[in-house]
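Read through the structures below before going on.
What follows is subunit A paired twice: with subunit B in the first complex and subunit C in the second.
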Partner chain A sequence: MADDVRTAGDAASVEEERWRSPLWEGLRAYGLIVAMWMRSTMTYRASFAMTAFGNFAVTAFDFIAILMMFSHVDRLGGYSLPEVAFLYGAAGASFGLADLAMGSTDRLGRRIRDGTLDTLLVRPAPVLVQVAADRFALRRLGRITQGLLVLGYALATVDIAWTPVKVAMIPMMILSGAVIFSAVFVAGAAFQFWAQDAAEVQNSFTYGGTTLLQYPPTVFAKDLVRGVTFVVPLAFVNWLPALYVMDRDDPLGLPDWVAFLPPLVAAGFCAVAGLAWRAGLRGYRSTGS
Partner chain B sequence: MRLYAAVAAGGFRRYATYRTATAAGVFTNTVFGFIGAYTYIALWEQRPDLGGYDLSQALTYVWLGQALLMTCAMMGGGFEDELMERIRTGDVAIDLYRPVDLQLWWMASDLGRAGFHLLGRGIVPMALGALAFDLALPTRPTVWLAFLFSVFLGVVVSFAVRYLVALSAFWLLDGAGVGQIAFLAGLFFSGMLLPLTLFPGALGEIARALPWSSLLQVPADVFLERHTGWGLLGAFAFQAGWAAALLALGRLLQTVATRRVVVQGG
Partner chain C sequence: MDGDSEGFIELDGIEKVFDVRRRAGLLRRERHQVRAVDGLSFRVARGEMVGYIGPNGAGKSTTIKMLTGILTPSAGRLRVAGIDPQRERTRLARRIGVVFGQRTTLWWDLPLIDSYRLVHRMYRIPDKRYQENLDRCVELLELGELLDVPVRQLSLGQRMRGDIAAALLHDPEVLYLDEPTIGLDVISKARVREFLRDLNAERRTTVLLTTHDLTDIEQLCQRVMVIDHGRLVYDGALTGLHEVGESERTLVVDLERELPPVELAGARVVKVEGPRQWLAFPASASAAPLVARIAAEYPLVDLSVREPDIESVIARMLSRRQIPEPAGPTPL
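On to the complex of A and B.
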């Protein structure tokens, strides 16, 4: 794999030196590693089909549980089923995208423990890219599909007075949300440099985060909502923009314009996560041979 | 017998080694416990006595779910990934040479793991849940004992299912797909997502009759004292019946598999 990258890099350096930038190189390496893992996945097609279906179904079951809740009640935390489905679909799609792109970073702790991270350090590609593309799991398309289906159902049934701004909010919300969750994955990976065995803490913010965001904020204690608004900015993934779209008041009484902040929050959080990653990688000491 | 006790102790110690991982897991269980508890509060505020539970029983159910999630391996994990890998690489041939029973060996190791997870991953989330919410904890020690026995049977049922999953690798080589299907069934039909008593109509009856209800629904109902007297014996019989049937099926499959097995890698 290292050879592939080097040859490709050398060819590029002769032809189009001017176009080379670290970002482009990184994306290129990411693409190469991802393509390799996709070929590898397709060796066991039956397993791929089953795991992709499983990935779809595991989140579908989450939604079935919500449907079953609504078979007993009309409203949950004051929200109707289409409204909860809207929150659910947006959180699910955002998280699914982030999980597909960056989800493999939660394996970093294992790599540190068994010393295989060192292999990544000597390869001519950014370590973060290699960690993110490691064992790229195409099956995670299942989760994205499920999230988008629920979102589609919600948009078809929810009662919203649509305006062009509100329509534009939907893709903005999903993409910003995906970037926010990606930053959570990177920050989690950085944390694993210090606490190698604690990969599971990350699950609280990734899987736990998406579970939390599937329900209306009114369900939760105010302090919890404050925490995911101001400390780990998960509320910007879907709660704040979706509340604006649905003309709902934010339980914390934040002004309307915060609904437009997700892209900024995503960028800021990425910067913080990037710095944490850098610090973690700089401070990394191998387990030794 | 002493051998299997040693294997079980090894399973316990193996998981006990990773203390940071345990602490991280407890943290995650607690976070999920809080999320679940708040949604159940929203649900039960509108419909008190939903599924026959009052609010504090429903909250207890949430935290029991977090406490037993790892113990009963509702999401899979533990030995079956390792056994599948051994089947895929052919290392299982060495296991079959050993003068021990393959199924009992892995069961002993899984019981050891479950024992550690009950102590390491079960007690702290449950205690934190009891601090933050008003839980319905049993007062009589016999109920606690009955609960522990029910959990033990749940672990055996869980093992028996996962053993079947692992053996599927003899035919499929890559057992990840089957593992994931089993993971789904475990998550949904154990009652982890929602108590099975809330499942509507026929789905609820089927879900309560399937083996996975032994992993959470039955132990939780024992804990909440919904099975008492003869009903308690009935609950134990239900779990033990599934355990025996699935273990026997595993044994049968093992015989078939070892007869046809051609070890990989020459």
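On to the complex of A and C.
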């Protein structure tokens, strides 16, 4: 027991109020919560290995489906197998990263319904960080691994005249894509403040979006391609930069320089998603008791 | 009542209005407004321990949620430790502790100690202070054997003690307890109350407590605030509440044999069942002289005293109240 009797006021001054950057505070809290869940996951290594492999295998089925298609046709929407694999791997890796970092936000609606969101609001960390880091699932590495493997295969086999710019495009595309998908997660979570059952809407943009991006834009209707270019900017995840890398024309006839926009689009979309999140949190009404 | 001239918790004309949509007909929705909190003003000084009671739906939880920054008031001014909870929620969070009786703030699937370790880092509690506080909580709340147990496997009483410890590791200046003894057994209740009493005495932690258990208030709080329909209807000592509510305690006496109703000034018999009789007397009066007189005049075998429950005290008080609203923060 504490032998020196301090009052609550004194004790608080120990931890008094240095100003710290909110961004840094958020990242720090995220790291703390993630570390806790990872320690807990690693307590059961065998179980972790199995679920991670399961995640890898399940997501690999998507690519097997594509392989089977190519056993019947040589081209899909005018694209060869390595080209489709390129799109597939880039979308998969981007989405996998976003899913790992922000995937837990799809539980927000349930937290609102059962009232457990309240407990996050009384802790000294941003709510979004706590929601995103909750039950951090390292098994999602399976999806990322799978996406990167397919991407590696594509890069090894696809017929591209490489230039330094095109090489730099690959990491830029993966990272910007992950940020764009993360923003989709946040926007979807924000929507759940108004419609608590909206996790499905969120899933249709995240899981649905990534499935869409795994195929060449030429196989879809133009209106759909327009939608994911100008409304929800998913086309910037992989389509537009990848088309540039592969010297392909955009079906909408957009100029070449749009291929360099993904970082800007990602930043803009993050700002929009952040505002939506703040508006949602501000309007939060809590439950009855 | 005022320890400091300035209130530590200050509410001025706080209102919370909820828009409620109700189904009216097949497709039509009717919107109407519910005033959960309606012009609430009070002050709590540093180091006070205040009971906050009222019937279900009176606005107790809504008030606590506004005080912690979970909900934004619709109108009025609110300060806790000089901080506006809604604007600076995370800054305030470092200085307050919250225990929700109905739901845990602990990480459900992880061992108790994991939650504490995370709290340690998240609140930036100095290592020495954390260890002292943890040791103290483990000892007084008897958590030693529970630290490695996942929270979901704890009983309600164990979990509540675990929650109270989690809320206190960072030395909060104010502690909000929402039904902290709900569903606990007698021993756990006593342990929790003793712990809270010590905490308040040693650290001057300000405590605001909502409860349905009048014994909680009796043993912990010098001051009681009663809220009904979102308004403060009583603010003062518990004894005053008994007077206002004209509440009665019950003396249950077991006599050697069946006898006609006991006749005693200051008490009236409300029930007779064989040799057992129930006598009601004002809650503000002492039971000792009554017991002495009964023991002197009747063949007494056994006796016990029953406290009035909080609902009936409040119900009686509300039914007798003729004071024009809104009631100020002074004893009626």
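Structure notes:
Basically, the second predicted complex is superposed on the first by the 270 of 289 C-alpha atoms of A that agree within 3 Å, B and C clash if a C-alpha of one lies under 4 Å from a C-alpha of the other, contacts with A are read in each partner's own complex, and residues count from 1 in each chain.
We take it that a residue touches a chain if its C-beta (ideal position, glycine included) is under 8 Å from a C-beta of that chain, and two chains touch if they have at least 3 such contacts.
For clarity, every value in this text was computed on a predicted model and none was experimentally measured.
In the superposed model, A:65 makes contact with subunit B only, not with subunit C. Within the superposed three-chain model, A:195 lies in touch with subunit B and out of touch with subunit C [touch as defined at top]. Judged by the touch definition given at the top, the superposed model places A:29 against subunit C, while subunit B stays out of reach. Shared-chain residue A:125: touches subunit C; no touch with subunit B. Once the two complexes are laid over each other on the shared chain, residue contacts for A:219 go to subunit B alone; subunit C is not touched.
Overlap of the subunit B and subunit C interfaces on subunit A comprises no residues.
Contact residues on subunit A toward subunit C in their complex (touch as defined above): 1-2, 5-9, 11-12, 14-15, 17, 25, 29, 32-33, 36, 39-40, 114-116, 118-119, 121-126, 135, 282, 284-286, 288-289. On the side of subunit C, the complex with subunit A involves touching residues 18, 46, 61, 65, 68-72, 89-91, 93-96, 98, 100, 102-105, 107, 109-110, 114, 117-118, 121-126, 129, 132-133, 135-136, 139-140, 170-174, 202-206. Subunit B contributes residues 18-21, 23-25, 27-28, 31-32, 34-35, 38-39, 41-43, 46-47, 50, 172-178, 180-181, 183-184, 187-188, 193-194, 198-200 to its touches with subunit A in the complex. Looking at the complex, you find that subunit A touches subunit B at residues 44, 46-51, 54-55, 57-58, 61-62, 64-65, 68-69, 71-77, 195-201, 203-204, 208, 211-212, 215, 218-221, 224.
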